[in-house]
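Each in structure tokens, the structures are laid out below.
Next, two complexes with chain A in common: one pairs it with chain B, the other with chain C.
Take a look at the complex of A and B:
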């Protein structure tokens, strides 16, 4: 952690930047066009992306953790970067279940950051995520897995726009006769929502949702909505790395407080 | 409370004849955790390959219109059992536990019983 903030505006992709940081054994946060990767001693400890629901959005709607319990853990553990520990210590979640969910969210977010060769913006040495240490994964394992997932998705239907664009149902597309999960996914396609929002609505892992959506696209039932003025999901860092990365926990608490008014 | 690593360790220590265990995401074929195996038995390859087994069975059930869920899939080799147990979970985790057992030492009913207990620690 002897480095100061490094800007990657002129250098290569997020995966290339990650490879360099892993070789150095760096700890900190690397922001890319589509999210942030958190490293500790050169290993990936967390990834978040605006294109995927975060851990809270996966755990609370399914009832695995009550929303109160989640926010209590965020409030009490957030500033010490120990939210994960608090969930387990308070008995709300088994340690193994937390690790499984955390890895799921990590690889889901990593897919968006790394699979489409987007660029890295900057690296903040020493920055850590409020969730705290749950499990770490080697950088090359994350890069390899995202590449494999991209290949798997492209084999189903080779249109990456399905992953990020608002999706629309092709006229006359019906859920009848489809497997349960695919039918349920189709009913959430409304011309406005993106894959991430559909995954959130179903409280389902994003990659699974992407698989179903690409299958629906391959069957000619779903297509990216025409590029109307429909607002898309904002990228994590629209100002190109000029601003500090927002404190997500604080922003979520703010949003909840505003909604409660 | 058990984490992923201790859950896998428990599979090998508490189940007679168990020599390798893996927790696998069957939407992508990725092993979230592995224990045992080695040079002569690559668990990453086993994870990816057995993902195809699970997918094929799920697909067949879809085609048959079966609304049941798979509890486990047992593959009997000459000297080994390979057991695939699908985890439940409200969010539809899409995970299975994969276990390699020595057929001469394993007791399948006991193995299932132990696995049920271990997997409850991993379910959300």
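Take a look at the complex of A and C:
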């Protein structure tokens, strides 16, 4: 059991709070404005954000794991925080595939949480993610990678609004001869959806979708949609709510699954 | 079933292997690495080699014109770079979900066997994601 001080609360940013918790070897869940970082012995084991599809949304639409297999793993492994192990142990997913997919999701979510680096909200010592231990990454590697990704995206088109705002097609812009993936991304731009929703719809990694969207913006084909005139209640995805309790993510998914039966 | 580290350790068993890594080519991030890094630093190596891989993966010229169309993405399987004393072998990993990774194997030119390494690295890439 590690002793966690409250030093992290004096830090002005989520990344600085993470640095403090890492130095203390802390385990638990740190909530920020755009997601939650799960730490184990001071290393990052998972990151979740409402702005990125979770593992299930990446693995099931592609057929890498059949939906009932995914839910079976969540069902049997969720409460013990061993969903990842269950997927591998039951032969539904190769160990390497789980690690690659998990790291992809971890760094994609970290980008949203840390590129918009506001003060962390709270830390729940000992809280762990239902996915369970897959691979861990040092906090400084996650922070460094986020900075690098932000610079890479800004080099393509320096408008961070593309990452989070509803996106719209620029009228009369000619979109001939686009590479397949970029064209496919463009077809999902409808004036309402955000990059995260487009990534989910295509079952694509979010960072790669951001790259394509910033390229489309640089080509003058896509722009942030002007704000809607009437106050509309966002009916975004179930994950779009409040990030108060790490276990609510699991509960929401269970609820969605039950409703889908 | 091998994970990332086991696969890289496996790759290091090939004759002449100096270093191996798994790199995400869309971001330039090293997801794992073992042995020596070509420039002494895996992060820098990953960022540089990812630029090359990204160009090849995203621009159709090298993958186009084949007589056997495939769903494989990217169409290119490997890249090989040679220097006076080394080979660099890059193998794109084809996954059943959306991902953008390649294996990079750095081989000593005197001790390494490029043909053998190419076949083995392809097998390792498949085992990594398919079990």
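In the analysis below, the second predicted complex is superposed on the first by the 217 of 261 C-alpha atoms of A that agree within 3 Å, B and C clash if a C-alpha of one lies under 4 Å from a C-alpha of the other, contacts with A are read in each partner's own complex, and residues count from 1 in each chain.
FYI, a contact is a pair of C-beta atoms (placed from the backbone, for glycine too) under 8 Å apart; a residue touches a chain by one contact, two chains touch by 3 or more.
Just so it is clear, the structure is predicted and the values come from calculations on it, not from any experiment.
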Item checked: Simultaneous placement of chain C and chain B on chain A, clash or fit -> clash
Next item on the list: Have a look at where A:175 lands relative to chain B and chain C in the superposition and call it first, second, both or neither.
Entry: neither
Notebook entry, point to check: Taking the superposition as given, does A:100 touch the first partner, chain B, the second, chain C, both, or neither?
Noted result: both
Margin query: Touch test for A:16: chain B only (first), chain C only (second), both, or neither?
Written below: neither
Next item on the list: Applying the touch criterion given at the start, work out whether A:219 contacts chain B, chain C, both or neither, answering first, second, both or neither.
Entry: neither
Item checked: chain B and chain C footprints on chain A, overlapping residues -> 58-59, 62-64, 88, 93-97, 99-101, 103-104, 107, 135, 145, 148-149, 152, 179, 203-205, 207-208, 211
Note to self: Looking at the complex, which residues from chain B come into contact with chain A?
What the structure shows: 1-4, 6-7, 23, 25, 27-30, 32, 62, 90-95, 121-124
Item checked: For the chain A and chain B complex, residues of the former touching the latter -> 58-59, 62-64, 88, 93-97, 99-101, 103-104, 107, 135, 145, 148-149, 152, 179, 181, 203-205, 207-208, 211
Margin query: Show me the residue ranges of chain A that touch chain C in the complex, using the header's touch definition.
Written below: 58-59, 62-64, 88, 91, 93-101, 103-104, 107, 135, 144-145, 148-149, 152, 179, 202-205, 207-208, 211
Checklist line | Interface residues, chain C side, partner chain A - complex | finding: 1-4, 6-7, 22, 24, 26-29, 31, 43, 47, 58, 60, 93, 95-101, 127-131
